[in-house]
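Next up is a structure, given as C-alpha cells.
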Amino acid sequence: MAPGHDKPELALHQVDAALRAAILVEALPYIQAFAGRTVVIKLGGSAMGQAELARSFATDVVLLRAVGLKPVVVHGGGPQIDEMLGRLGLGTEFRDGLRVTDAETLDVARMVLGGRIGRDIVSAINRHAPVAVGLSGEDAGLLAAAQRDPGLGYVGDVVGVDRTILDTLIEQRFVPVISTIGADGDGQAYNINADSAAIAVAEALGAEKLIYLTDVPGVLTAVDDPASLVSRLSVARARLLIAEGVIAGGMIPKVEAALAAVEGGVGSSHILDGRIPHVLLLELLTDEGVGTMVTRSAGGPS
Amino acid sequence: MAPGHDKPELALHQVDAALRAAILVEALPYIQAFAGRTVVIKLGGSAMGQAELARSFATDVVLLRAVGLKPVVVHGGGPQIDEMLGRLGLGTEFRDGLRVTDAETLDVARMVLGGRIGRDIVSAINRHAPVAVGLSGEDAGLLAAAQRDPGLGYVGDVVGVDRTILDTLIEQRFVPVISTIGADGDGQAYNINADSAAIAVAEALGAEKLIYLTDVPGVLTAVDDPASLVSRLSVARARLLIAEGVIAGGMIPKVEAALAAVEGGVGSSHILDGRIPHVLLLELLTDEGVGTMVTRSAGGPS
Amino acid sequence: MAPGHDKPELALHQVDAALRAAILVEALPYIQAFAGRTVVIKLGGSAMGQAELARSFATDVVLLRAVGLKPVVVHGGGPQIDEMLGRLGLGTEFRDGLRVTDAETLDVARMVLGGRIGRDIVSAINRHAPVAVGLSGEDAGLLAAAQRDPGLGYVGDVVGVDRTILDTLIEQRFVPVISTIGADGDGQAYNINADSAAIAVAEALGAEKLIYLTDVPGVLTAVDDPASLVSRLSVARARLLIAEGVIAGGMIPKVEAALAAVEGGVGSSHILDGRIPHVLLLELLTDEGVGTMVTRSAGGPS
Amino acid sequence: MAPGHDKPELALHQVDAALRAAILVEALPYIQAFAGRTVVIKLGGSAMGQAELARSFATDVVLLRAVGLKPVVVHGGGPQIDEMLGRLGLGTEFRDGLRVTDAETLDVARMVLGGRIGRDIVSAINRHAPVAVGLSGEDAGLLAAAQRDPGLGYVGDVVGVDRTILDTLIEQRFVPVISTIGADGDGQAYNINADSAAIAVAEALGAEKLIYLTDVPGVLTAVDDPASLVSRLSVARARLLIAEGVIAGGMIPKVEAALAAVEGGVGSSHILDGRIPHVLLLELLTDEGVGTMVTRSAGGPS
Amino acid sequence: MAPGHDKPELALHQVDAALRAAILVEALPYIQAFAGRTVVIKLGGSAMGQAELARSFATDVVLLRAVGLKPVVVHGGGPQIDEMLGRLGLGTEFRDGLRVTDAETLDVARMVLGGRIGRDIVSAINRHAPVAVGLSGEDAGLLAAAQRDPGLGYVGDVVGVDRTILDTLIEQRFVPVISTIGADGDGQAYNINADSAAIAVAEALGAEKLIYLTDVPGVLTAVDDPASLVSRLSVARARLLIAEGVIAGGMIPKVEAALAAVEGGVGSSHILDGRIPHVLLLELLTDEGVGTMVTRSAGGPS
Amino acid sequence: MAPGHDKPELALHQVDAALRAAILVEALPYIQAFAGRTVVIKLGGSAMGQAELARSFATDVVLLRAVGLKPVVVHGGGPQIDEMLGRLGLGTEFRDGLRVTDAETLDVARMVLGGRIGRDIVSAINRHAPVAVGLSGEDAGLLAAAQRDPGLGYVGDVVGVDRTILDTLIEQRFVPVISTIGADGDGQAYNINADSAAIAVAEALGAEKLIYLTDVPGVLTAVDDPASLVSRLSVARARLLIAEGVIAGGMIPKVEAALAAVEGGVGSSHILDGRIPHVLLLELLTDEGVGTMVTRSAGGPS
C-alpha cells in the first residue's frame, strides 16, 4: 500500500511492513541451512515452571518444525519429582551427593516424568497442531539402560539407543517428547540423567544441534556480568577456560555436557537461557546472538 | 525320531510331538483369517493386578503380533487411581454415581494411567521384543474430547479420533498401548471412560475385533453356572436377553459396550475372562470356546 | 540475555528480540495453513522492470518455498516484447485494439519471454538456491492452445493444461517459472495472454491462491485515495461494484481475472501492488493487510 | 472359562487349554527368531510318495509362511522319472554309476518333474491358500547349467543362479516350488541333481536354513539305534565322524551336502526324517529335538 | 554415409538405409499406442510344431516386450497330448465329440502341457533374455475351475481368475507363459480349453488385445481365396456373416472366441496365421494388413 | 497371408513383409542392449537448418525413447546467434579467434538459444508426444559456469553439473533439451561451448553414448573419399591419426571432443552426419555402419 505524504501513521505502518519483511527475510538462510536437520532440545526442570515460558517454548518448537527442522524434545523433572515424593511422605537418602532411588522413588519418578511433565509439554505443543508424541525411554527399546551402582538403586546409564521409534515418528513429522526412563533387558526401569540421555539421543540421531535450555544466560567469563557472555566456544577453548577456572561451579557440568555432545558427533551444542521468551527462535532463526554455542573447532558450524 | 518298541517313554514322546503339531496346525486357519487385521484389546483395571496374568497377557500380545495380527491395547486403571488418590489424601466426591474429577484428580489419573499402568504394560511386552509404545489420547491429537457435564469436572467423551499416530506405529509393526486421557482444542485434558475409548479407537481403525478382558467368564444365562456360558451372541439376541432380564446387573454395560462396537462397524466384540492365562491365544488361535463373542448377526464372522 | 537495569541499549536490544520473535511467531498460523499448498503468482511486465523489486520477489518466492508452500510463477512481458520489436524495426498492426501477431512477431515474443524474461526470473531465484526451472507452455504439452481469430494471427487461447510436468517439478520441490507460449497439436506456437494462462494453470493445479502482482495498490473505491483500498471482496460484491461503476477502467480486467480464477475453483485470488518490496511475504505471512483478496463468498478462506 | 468343582471333563478341558497355550507360547521365540528369514526345503523323491505326508508337508509350509518365514521348496523325483521311463519302454544306461541322460530321457525328466511332481506339491499347498508357484530352473534364467560330462549326456551342474524371479515371488509372499532342470545360454536343458540345486539356491538367497527331508531319522552314530541320533553337529565334528567311519555309506552324501551348504554361507542345514508327520513344524517351532542340525561351529545358530 | 556418384552399390545401400529407417519409423505410432498395454497371445498346438516358427514367435514376444508391451502367452497342446497318450498305450473315449478325461489322461495332459510345451516356449523366449516364466493355472490360484460335466471327467471351465501372480510377474517385466490346467477349491486339477482360458485371462487383465495364432489366414469370405480375407470385422458384421453362412465350419468357434473376448472387455481380438514368420510383429508394429481383427464396433481401436 | 501362385504382387507383398520383419528383428539386440541407457545427443547449429532434417531428428528421438532409451539433447546455435546480432546491428569483436561476448551479445545468445532454437527442437519432438522439456543451464543449477578469460567477457566453462533436474525429468521419461547457457554463484550467465557442455552433461549422467550430429560423414582417412570412413576408432588410434596428420583441420576439435567424452567415462562417442535422414536410428538400431564410433579401447562397446 503506497502511503500518502500526509499520513504519518500510514508511513509508520509502511516502516513496520518493511521491518516485518526484513525479519522474515533474515530467517531465510537459517531455514535453508537447517531444513531437514534434527535438533535435540533438552528442557530442564526449572524451564518448565512458568506457564508463559511453556507456551513460548511450544510455539517455538511448532514453528521450527513448520519451517522444516526436526525437533526432538528431551526433558527431566527433578523438582517436580521432589515435590511429589514430599506429598507422598517419601524421604530421600543421598549417598555421595546422589539420591538413592529405591523402587518406590523410581515409581514416582516414572509417573511424574511420563505422566505429568511429558504430558504437559505434549499438550502445550499440540494446542498448535497435533504433532507431539510423548515417549518414555522404555517405549520400543528407545533407551537401553544399565544400573550405575547397586548402592544407588535404580539409577541407570544409557548403554544403547534404538532409534527406530524416533525415526518412525520423525519420518511422519511428529515431534517426540522423551521422558528419560530407560530399561534393561529384563524390563527393569531406571531413572536416567536427562542431560546424558539428551546427548545419547542426539548422537544416535546424528543431530545437527543439541540445545540446553537452562536458567543461566550462557557461559559468562565474569559470573555476574551478562556482558561477559561468550557467544561461541570451541572445545579447545572450553577446556582451557575450565582449566583456568573461568568456567566454574554449576556451569562446569553444563559445559561438559555440551562438549560431550559435540565430541560425540553432534554439529554444535548450545547453552541458552530458557527464561527468555522464544529463545529458540532467536537462536536458530535470527542474526541475534543469544547464549553460548559450542563447536568442535573455532570455525565450526553456525 | 522313530521310537523303538521297548521305549514307552519315547513312544509317549512321539504322541507328544503329534499333539504339539496338531495344536500348531489348529492355529493355521485362524492365523490366515486374521493376518493383517487389527485387534483392539481393552484391559480392565483388575486384569492388571496379577504379575502372572500381566506376563501371560504380554506374551499373548507379542505372539499375536508375531503371527501377523495388529494388536492395539487400550487400558483403564480405576483401582490404581483410587489408591493413589488415597495416598495423597485426596477425597472423592460422587454425583449421581459418577466421580467428580477436579483438576487435582485429573492430574493424578493422568499420572497413574500414562506414567504407571501404561508403562507397566509396555514394559511387560517389551521384555519379549521392543515393540510396544505407550500413548496417551493427548498424543498427536489421538483422542479429541469434550466435557460431559460441567458438574462432573474433567470427565470427557470422545468426540473424534485422529488415527494418524496409530497408523504410523502399526505400519511399522509397533503395538500402541493407549491411556485414555483425551484433550480438547485448548489442550485441556479429560479423563475418558476406557470402554468408550476402546470402542472409538476400534471403530476409527475399522478393527476386526474388540476384545474386553474382564473378570467374568463371559455372558452367563444362569449367573452362577459357568456351564450356562453363551459362546456366541447376535445383536438381536443380546437385546432380547437384556429385555428379558437374562442379561442383568453389571453385565449390562459390558454387553452394551460390545454391542456398540459391533454396531459401529467392528467385526466382532468379545467378552473374555482376563483371569484365564493366555485367554487371548485360546480365543483367537484355537478351536477352544472361551468367553462370549458378539456379532452383528447370528452368522457373523468367527 | 537478561538485561541489566542500567543498560538501556541492552533493554532496547531485548525489545528488539521480542519484536523479532513476535513477527516470526505471527507467521506461524499462515505457514501452518498454507503448508503444502500451491500458490500461482502472476508477474506483470512492469513488475519486472526494477532490479530491487526483482530481488525482493525472488527472495519471497524462495522463502515461501522454504516454509512449505509450492509457488508457481507465470509471467508475461508485453513491454519487453515491444521494445525488441522496435529494435528489430518490426511494426505492429492493431485490430480492434488487439495486436496482430504474425510469424515474426510470434518469434520475437517467444524469444523474449522464454529466452530473457523467464531466464531473468529463474536466475534471480536461483541465486538463493537452485530451485527455479523455466518452462514454456510448449514444454511437455503444458499449455494446449487454439487460435483465437485468424485475423489476429498467432494469438491463442488455452484449451487444455497438461499438469504432468508441473507435478513432476513441484513433487521434487522445484519452482516452475512459466512463459505463456502455447502450442496446438501440430506444434504451431501461439502467444497467450498471461493472465488467462495463470488462471488456467491455477485451476488445473487446484491452487490455493492466485496472486496478481500489478502496479496498483489493489481495488480502490476512490481511485486516488489509497485509504479506500478494499481488503477483501466477495464475488458478489465485486460484480456489484463493477455494475455500479465503482470498479472501472483498467481495474475491470484485473478484477475479472481474479473472479474467473475463484469461480474456476482457486481458493482465493489477490491483487497486490508489485511495487512494494516483499509484498508476497506481507500478504501471505503477516497479519498486515496488503492489496485486495477476492474470495467466492464473504466468509471465504483467508 | 472357570471350571466348576464337579465337572471333571471341564477340568480336563481346562488342562487342555493350558497345554494348548503352552505349545503356542513355546513357538514364540522361534517365530521371532526366524521371522523374515528364508528357509529352503529339499524334498526327496521318497518323501513325496505318501498322500498323508504330502498333506502334512503342505500344511507345514503354509504355516511357516503364515508366521513370517519365507519357505522355498526344491524337489527331485528320481523314482517317478524311473517309473515313467519304464512305462514308455525307455531303457537306462549307467556309466560309472551315473545314468546317461539322452534327449528322450531328459524330456521325460522335465515332464515328470515340472509337469507332475512340482504340480502335485503346488496343488497340495494351494489347498490352504493360493500361494505356491511352480518354477523350473529354466524360468527367468533361474538355474544356469553346464554339461558335466559329454558321456553322460544332458546331466548338468549349476553354474549360476539368477535370483530375480525368486525375489519377485518371495517379495509378494509366494512360495516358489522349484523343479531342478537348468539351461545353458543356448536354451539347452539339463537335469540337475536336486541336492546340489538346493544348495545353490540356498546360497544365492542367503538362506537361514537348508532342510533336507529324507527317509532317515538323521545322523546316527549307531546305524540301527534311533537313540544314537546326533542332534547337533559342527562342520569339524562331522568331518571327524566321516574320517572315523562313524558316518558312512549312504549317509555320507547327505552329510556332505549339509556341510557344503553351511560352508557356502547358509546359517544351518538340517537332515530330517520326512516320514514323521509335521516334522518341519516340530523342528522349527518347538523345543522338541528332531533330526540332525549341522552348523558351522559348535555354538552356531539354533 | 554420403554415397559417391560412381558407387551404385553404395547408392543402393543408401536406399536400403532409408528403407530401414522408414520401417522403424513406421513402427513408432504403434509402439506409442501400445506402450504399457497387455497383449494376450493364444498359441495353438499346431503353431508349435515347427522349430523355425517357434523361434520366430519367441523373437516377436521378446521384441514386443522390449518396446514396452506386456505380452502374456497362453498355450494348448492337444496333438502333443494325443501323441503321449498313444505312447503310453492309453485309449481315448469320446462322448458327444468331447474327449472323456479320466485321472490318467488328466495326468498326461498336465505333464505334457506344463512339463514340455510350456517349457519349450519358455526356453525359446529365454534364449533372448531371461524373461519368460512358465505358469500353470494351478499356480497361485490363477485359474479357478469347475467340472463341466461328470460324464466328461476332469474337463473344467474357468470360474475365476486370480490375477495376482500375473500382476506380480508383469510388474517386474516377466512374460508369463500359461498352461491351461485349472484347479477347484479341493486342489483337484481340470483340463481347460485353451481358447476359453485365454479369454478369461485377457478379460481379467483388461488386455488391449487377444491374439489367436491359428493355422488359417484369418476370416475368408471365400474359403479358398486368400484375397477374400476380411481385415477388420465388427461384432455386428461377424454375427451377420455367421448367420449368412459366410463364416462356417471350423472358423465358427474361432470367430466366436474372438467375439467373446471383445464382448468381455478386451480391446480387440485378432485371428492370425501362425504359419507366417513374425506374424505378431507384422500385425502389431507395421501398416501391413495381416489376418482379421475383430472389434466391438466398426470404428473400434486399431 | 499365404500368397496364391498367380498373384505376383501378393508374392512381392509377402517379400515385403519378411523384409519389414527382418528390419524390426535386427533392431532387437540393440534395443535390449541400450534399454534404460542414457544417450546424449549434441545437435550442431547447421544440423538444425533444414525442416526435413529437424523432423527426422525429432522422430528419431521419440522412437529411441519409445524403445526404452533415455535421450538428452544438447544444442548450440552459433549461426542463428550471428544472424540475430546482425539484425540488431550489433558487431562482433574477435580476440585470438574467439568472439568477445559482452552483456548485449550474451543477452542475444541467451534469447536465441533458449527462446528460439531450444523451443523449435522441443516443438518438433512434442508433435509426436508431449515429452520434450526445454532447459537452460541456468535452470536448477544445471550448469555451473566460471568465466574463462575476462578479456572474452561472458564466455564460460562448465565447472559443475547438478544433475538433479535431469534425473527428475528422465525419471518421468521426459526428454531434456538443453541450451548451453551456464551461471555462476551470483547468477551471472555465461555462454558455454555446446560441445563442452555436452561432454560435461554426458559425464555427469554416466551416459552410455555421446553422439555428435555434424555436417561431415565421420572421420575420413582421405578427406574427399567417403569410402575412407573409419567406422570405429580407439582412443589410441585416434591420437595416432592426429599425430600423423591423417585427422586434421576442422576434424581435430570434433575428434578431441569425442575423445574427451570417452576418457571422461562415457561408453562411446559417435561422430555422425546429421544430414542423413534418421541417422540416429541407423546408427543405434541397425547393423548399418554410419559415421565413426570412438571407444576407449579397440574392443570397446558397440
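For reference, chains read A, B, C, D, E and F in written order, and residue numbers begin at 1 within each chain.
Rule of thumb we're sticking to: a residue touches a chain if its C-beta (ideal position, glycine included) is under 8 Å from a C-beta of that chain, and two chains touch if they have at least 3 such contacts.
Here the structure is a predicted model, which is why all the values come from computation and not from measurement.
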Third chains touching both subunit E and subunit D: none
Fewest touching-chain hops separating subunit A from subunit F: 2
Chain at maximum distance from subunit B, centres defined as averaged CA atoms: F
Chain of greatest Cα-centre distance to subunit D: C
Same-residue or different-residue interface between subunit B and subunit D, half as cut-off: same
Mean-CA-position distance for subunit C and subunit B (Å): 56
Euclidean distance of C-alpha centroids - subunit C vs subunit D, Å: 68
Inter-chain centre distance, subunit A versus subunit C - centres from mean C-alpha coordinates, in Å: 41
Touching two or more other chains - residue numbers and ranges from subunit E: none
Contact graph of the chains (line, ring, star, complete, other): ring
Ring of chains, enumerated from subunit D in the sense that reaches subunit E first: D, E, F, C, A, B
Complex contact set, residues of subunit E against subunit F: 1-4, 7, 10, 16-21, 23-28, 31-32, 35, 59, 62-63, 66-68, 128-129, 217-218, 225-227, 229, 273, 275-278, 281-282, 285-286, 288-291
Interface residues, subunit A side, partner subunit B - complex: 87-88, 107, 110-116, 119, 122-124, 126-127, 130-136, 138-142, 162, 164-165, 168-169, 172, 174, 181, 183, 185-187, 189
